[in-house]
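Residue numbering begins at 1 within each chain, and the chains themselves are lettered A, B, C, D, E and F in the order written.
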Amino acid sequence: MASMAKLDWMSYKETVDTGEAIMFIPIGALEQHGPHMSMNPDVLIPEAIAEGVTNLLDNAMVAPPIAYGYKSQQQSGGGNHLPGTTSLDGATLTQTVRDIIKEFARHGIRKIVLMNGHFENSMFVVEGIDLAIRELRWDGIKDINVMILSYWDFVNEPTIERLYPDGFTGWDIEHGGVLETSLMLYLYPDLVNIDKIVDHPPAIFPPYDMFPVDPALTPASGTLSSAKNATREKGEILMDVCVNGIAKSVKEKFQ
Amino acid sequence: MASMAKLDWMSYKETVDTGEAIMFIPIGALEQHGPHMSMNPDVLIPEAIAEGVTNLLDNAMVAPPIAYGYKSQQQSGGGNHLPGTTSLDGATLTQTVRDIIKEFARHGIRKIVLMNGHFENSMFVVEGIDLAIRELRWDGIKDINVMILSYWDFVNEPTIERLYPDGFTGWDIEHGGVLETSLMLYLYPDLVNIDKIVDHPPAIFPPYDMFPVDPALTPASGTLSSAKNATREKGEILMDVCVNGIAKSVKEKFQ
Amino acid sequence: MASMAKLDWMSYKETVDTGEAIMFIPIGALEQHGPHMSMNPDVLIPEAIAEGVTNLLDNAMVAPPIAYGYKSQQQSGGGNHLPGTTSLDGATLTQTVRDIIKEFARHGIRKIVLMNGHFENSMFVVEGIDLAIRELRWDGIKDINVMILSYWDFVNEPTIERLYPDGFTGWDIEHGGVLETSLMLYLYPDLVNIDKIVDHPPAIFPPYDMFPVDPALTPASGTLSSAKNATREKGEILMDVCVNGIAKSVKEKFQ
Amino acid sequence: MASMAKLDWMSYKETVDTGEAIMFIPIGALEQHGPHMSMNPDVLIPEAIAEGVTNLLDNAMVAPPIAYGYKSQQQSGGGNHLPGTTSLDGATLTQTVRDIIKEFARHGIRKIVLMNGHFENSMFVVEGIDLAIRELRWDGIKDINVMILSYWDFVNEPTIERLYPDGFTGWDIEHGGVLETSLMLYLYPDLVNIDKIVDHPPAIFPPYDMFPVDPALTPASGTLSSAKNATREKGEILMDVCVNGIAKSVKEKFQ
Amino acid sequence: MASMAKLDWMSYKETVDTGEAIMFIPIGALEQHGPHMSMNPDVLIPEAIAEGVTNLLDNAMVAPPIAYGYKSQQQSGGGNHLPGTTSLDGATLTQTVRDIIKEFARHGIRKIVLMNGHFENSMFVVEGIDLAIRELRWDGIKDINVMILSYWDFVNEPTIERLYPDGFTGWDIEHGGVLETSLMLYLYPDLVNIDKIVDHPPAIFPPYDMFPVDPALTPASGTLSSAKNATREKGEILMDVCVNGIAKSVKEKFQ
Amino acid sequence: MASMAKLDWMSYKETVDTGEAIMFIPIGALEQHGPHMSMNPDVLIPEAIAEGVTNLLDNAMVAPPIAYGYKSQQQSGGGNHLPGTTSLDGATLTQTVRDIIKEFARHGIRKIVLMNGHFENSMFVVEGIDLAIRELRWDGIKDINVMILSYWDFVNEPTIERLYPDGFTGWDIEHGGVLETSLMLYLYPDLVNIDKIVDHPPAIFPPYDMFPVDPALTPASGTLSSAKNATREKGEILMDVCVNGIAKSVKEKFQ
């Protein structure tokens, strides 16, 4: 079923009227990801995962992604000072999430999964969910359930050990590294140019943030760890573990 | 060149640093368009036109579209009460436009074209442009130029006469009619099912609007005029006249 | 009955308590209208029409007008760069409309007519109505009905042919032209100085807008078409057709 | 000169271009004022005073009043629960004031007088001024000066003793009492019906406010003190002392 | 009982579940108060009074104070241009009040007392209360009661005569004067240095305000009247009259 | 020096005028922390640490804490459904941070440290910093530097190993556990009742969040891990490592 936007409205209505429909909303960003990759992995990856998950579920659909996200932070995305990175104010993202959830609820959807692909989005999306649920409650709609997840949280320990045999340093500095590059190699190989990968040690940051950022702390490539060890095969493994893990969780909660 | 999001950030930076880059931002909607068509023509069509135009220009790029738009109005989109139609509050759309323009300006872009595909968006986009220019001015950036257009305004009189031999009733009630269906037949034939076209006379509305809307005024199909006479060929003609007309205007203003 | 503000509150309460009261809210602008006319036609005209309409109805009142409107657009008002034009941000207008509708609803009014006199206001007023109806719904008030209209949409074809024997070029470029000047000559002749009318061909605009505007595209007078053919008699005809047409529509919907 | 809105824009521009123009903006409310009076004294009185003051000054103009104000408070206006009283949220009033000041500054005005006629408005107007000055500063405009006053603060001690021989109990409970009724009898006798004046002792309130208000604390008339002793002559005296006092202050600061 | 924040949540819940709990919220400011005193009297004093009052009541608690308030006004606090004074925009204060009231109501609290210590806060706090009550109503909570008071309004005439034998000039210019200094001498003598008191005549202001302020109108000390006559004893008297008066009012309304 | 609010404004001004002043702003929350502890550790701890740090620095001060924070999340604070927890909307917190930073900058402060004590605050504080820096830039202030930190990020590996000999499960589920309880035992032993500590295994959460939350996932105590092993000595160690680590970082960046 996959794309909700590709349905005509009457077919969509039929699905919603079953009372069982699940809507996935990918939330990404337009953000630099190093010289070797396009600037849209944060939206393409969760969209692809959402499509994968919907194939394993009944009555599940993927809404058009929210393609712009919250400002890139230096310790998780290199910083919002870099060219190409194109971000929203927090309130803008929050209101977008709020509005869209409320509209799907108006249609009759009661099960929504927000699939996040950009580290910095989480709290503003959480606030958007909270505001939507509040306003829906004011409208007498009290039976909506919203799941929010970041896909990398479904990469389990065995997979991490398999993919990072030399040790894993945390999802935050995976920006433009093995995780995202492998997934893009698997999903959109045309958007990766492995010859341009810059091999550098993981970025090291102090236990605080400075504003304005000191650009010198971000590696010149814009990536926070090296994608040198990224492969299409790792991308497939990651895709599998995320799609299956998320599908399992969604089934448990929603079906 | 086309998609800005598909570039890596260093290639993007090179283009921007020429000082001649032009950024196209398609702005659409997620809105029912009758039982015969998907719900995304308002975003797919301006995106396709933008891509067509950039092929005729140097240093031109298309940004990820704004995929959700302002609330559908009964006399131009059937109304926002219909399932499937998924809209933003006006302030949300305005702030999204404001934020994105400001970010491109931060990168160094000074020539921006907002390509609208959803009738109801215009004024909220205009406000977003105005706020962006105001804040950029506060930041000392006073040389930005933003063009806003709705693609159908480039369909000239000869084309209208050719495509609507029985008379043309205005762009507003073209919702889901010949214009959009022909373009979709040309661009995305898989998203149109001509067997499901409902042939009905053009919707007739009083010279005022009521809120809440009276659903009975919207044809049951959700379209405001019949798509019966839509053809792939008309879509090609429309595409040509829009792409060429817009390219000409952009060149005149920006190159 | 006419002016609501001129009533004492107990008389007002009596009218509202009939359950049949209709409130007209004129919404205008403070905007240059050429060297031959005051800057308030967009508020004086809809207010006068509203008063005319209420004379034909029972229990109908006119609220104090919203005297400042949305930013003048070049293709319909000359542009917001001109001195004298004094406009609100879109959100300010939207919230004003929202607040006022909610207050009248609190009093017990369930029938409201927003009478617009400024082209650029429409969408921000629509958003204000939508927000008001939403919040009233949260307060358990679900039986309010709001009509919005722009008075010129009630000038029918026969009248257009009679008033524009040389052809009609659209309401948008009527700014400061025959329509508004005739109405002002009829309603407030002291605010028009026909000796200062600048006779110029209709303004010609490209099928797009630029921001910041190019001031050279607006005729030096600030008007978009010539008021040379404006007369008091045409004003009377326009007044009649608008008052009667609107009264008829309001009766049909509300009485 | 008086009304700015009655000028054509070129005449207005001439005045502004002197660099000496002073703009008065009356700020009122739509609020019940007892059974003996219309609901618009808070806007009509400061507007009339502003007109009176401009007659004593050069290059001074009165802008269209802000006709809706902040919510009526029980201890100064009877409370916002009463029918007829039609108020704005604080943020709406603040943004309106901000927007209008900024627009006049854009025209070139540097001397603005906000003439308040509604007790409850003051702080939200102050905030609007502060935001306007801040944003104008961001635009490089640092020489604007804004005066804000409530006209009753110009009623000096000798006048108070003359008008209230039995003792004066404070401006806050003058709501619908001698001050406003006398001024309306002088300015707009048709909007006062002295036969309907309710003679009651001054309202007595505790040293705190409760929300929601206890309606029983507001006299049934809606007035907070009796207008029985109001006369046209007192209105003339008040008008004189306000007009002359304000003119003197404005001259000192601005000329 | 006093401090709510010092309770563990289960003890708090027990109190709230009695249905009789009263929550006091002190609202202050961080504002210069002359060279002889710390910058926090506007928050310390109402907090101390609230604690005093809760000792006389059952089930009463004091919430953490709102420590930052609205912008200092020249005629009541010297003006917001002075160093040290650290203020919020009006909307920020309003939203803070709204959010906190709503949260206490969610817990089950139905009796709230906002104890104001900063003249300029009042109207923005009132708006916050109004918005909270509105949104709680949307949530079906219609039995909440909020009292708002400024503690000085409980200083009765006999006390004023006793403390100001030479005449009292109004609470507004008491900024940093006898009232606040005496209370601080009684409550926090370490935060007062009487040797640094500047003895000057009461500030004199015109019957209007100018923005930006003319700094010369504020006495160089930042105080608006002299604290020379302040004593610890007067502080104790003031404390007594406020605590007892407020406790009496709260009991009447809430117990 | 410590508390900024305890200074008189002239002493404060002197410190600021050195050009070397550093302002610490503690940001906390009012949040349940289990049955054994008060609800204010998130504000008391960072305030105490800030005071400790300022003792090691010159010209450093602590501003009054922001005592209310963002909504408690289930996986890091038990969830915002629990009584006692009293939170702000995201936008309210963001605007508070923005306003306060701007005010300190207006005074002349150029070095600010935001010391966070509540996990959920971070991103909304970051947004507040970003907005403040943006608006200060519009005011021509471009040399401000803001550090943001959460104190637990200064607890280094050796300390973690020493304090959690049985293994450390992450800061997020430390809510009400050993870290916070030990610090409170050291700083405010009166606010901890070790007899009420509930010993339970660490909370286990799925790799996603649900809204509304399922209350059953939060341990009945409200804590996410057991505080059984908390001691005053551990609190002292934590205090030392945080104070010294932060002082070192601040010196490096600011002195």
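By our rule, a contact is a pair of C-beta atoms (placed from the backbone, for glycine too) under 8 Å apart; a residue touches a chain by one contact, two chains touch by 3 or more.
This structure is a prediction, so every number in the text was calculated from the model and none was measured.
Number of steps on the shortest path from chain A to chain D, with steps defined by chain touch: 2. The chains that touch both chain A and chain F are B, E. Between the two copies, chain A and chain C, the Cα superposition rotates by 120°, quoted to the nearest 5. For the interfaces D-F and D-E, the C-beta contact count is higher for D-E. Annotation: the E-F interface is duplicated by C-D among the options C-D, A-C or A-F, judged by over half of the residue-numbered contact pairs being identical.
Chain B and chain E, compared by their mean Cα positions, are separated by 54 Å.
Work out the mean CA point of chain A and of chain B, and you get 26 Å between them. Centroids of chain B and chain F (each the mean of its C-alpha atoms) stand 47 Å apart. The multi-chain contact residues of chain D, meaning those touching 2 or more other chains, are 89, 91, 138.
Arrangement of the chains shown, judged by which pairs touch: an irregular graph that fits none of the line, ring, star or complete shapes. By the contact rule set out at the top, the touching chain pairs are A-B, A-C, A-E, A-F, B-C, B-D, B-F, C-D, C-E, D-E, D-F, E-F. On the side of chain B, the complex with chain D involves touching residues 137-138.
Across the interface of their complex, chain E is touched by residues 70-71, 73, 80, 89-91, 94, 120, 122-124, 126-127, 129-131, 133, 145-149, 153-154, 206-212, 245, 249, 253 of chain D.
Of all the residues in chain D, the ones that touch chain B in their complex are 135, 138-139.
The touching residues of chain D, counted against chain C in their complex, run 4-10, 12-13, 16, 30, 32-40, 43, 63-68, 82-89, 91-92, 95-96, 99-100, 103-104, 106-108, 191, 193, 196, 222.
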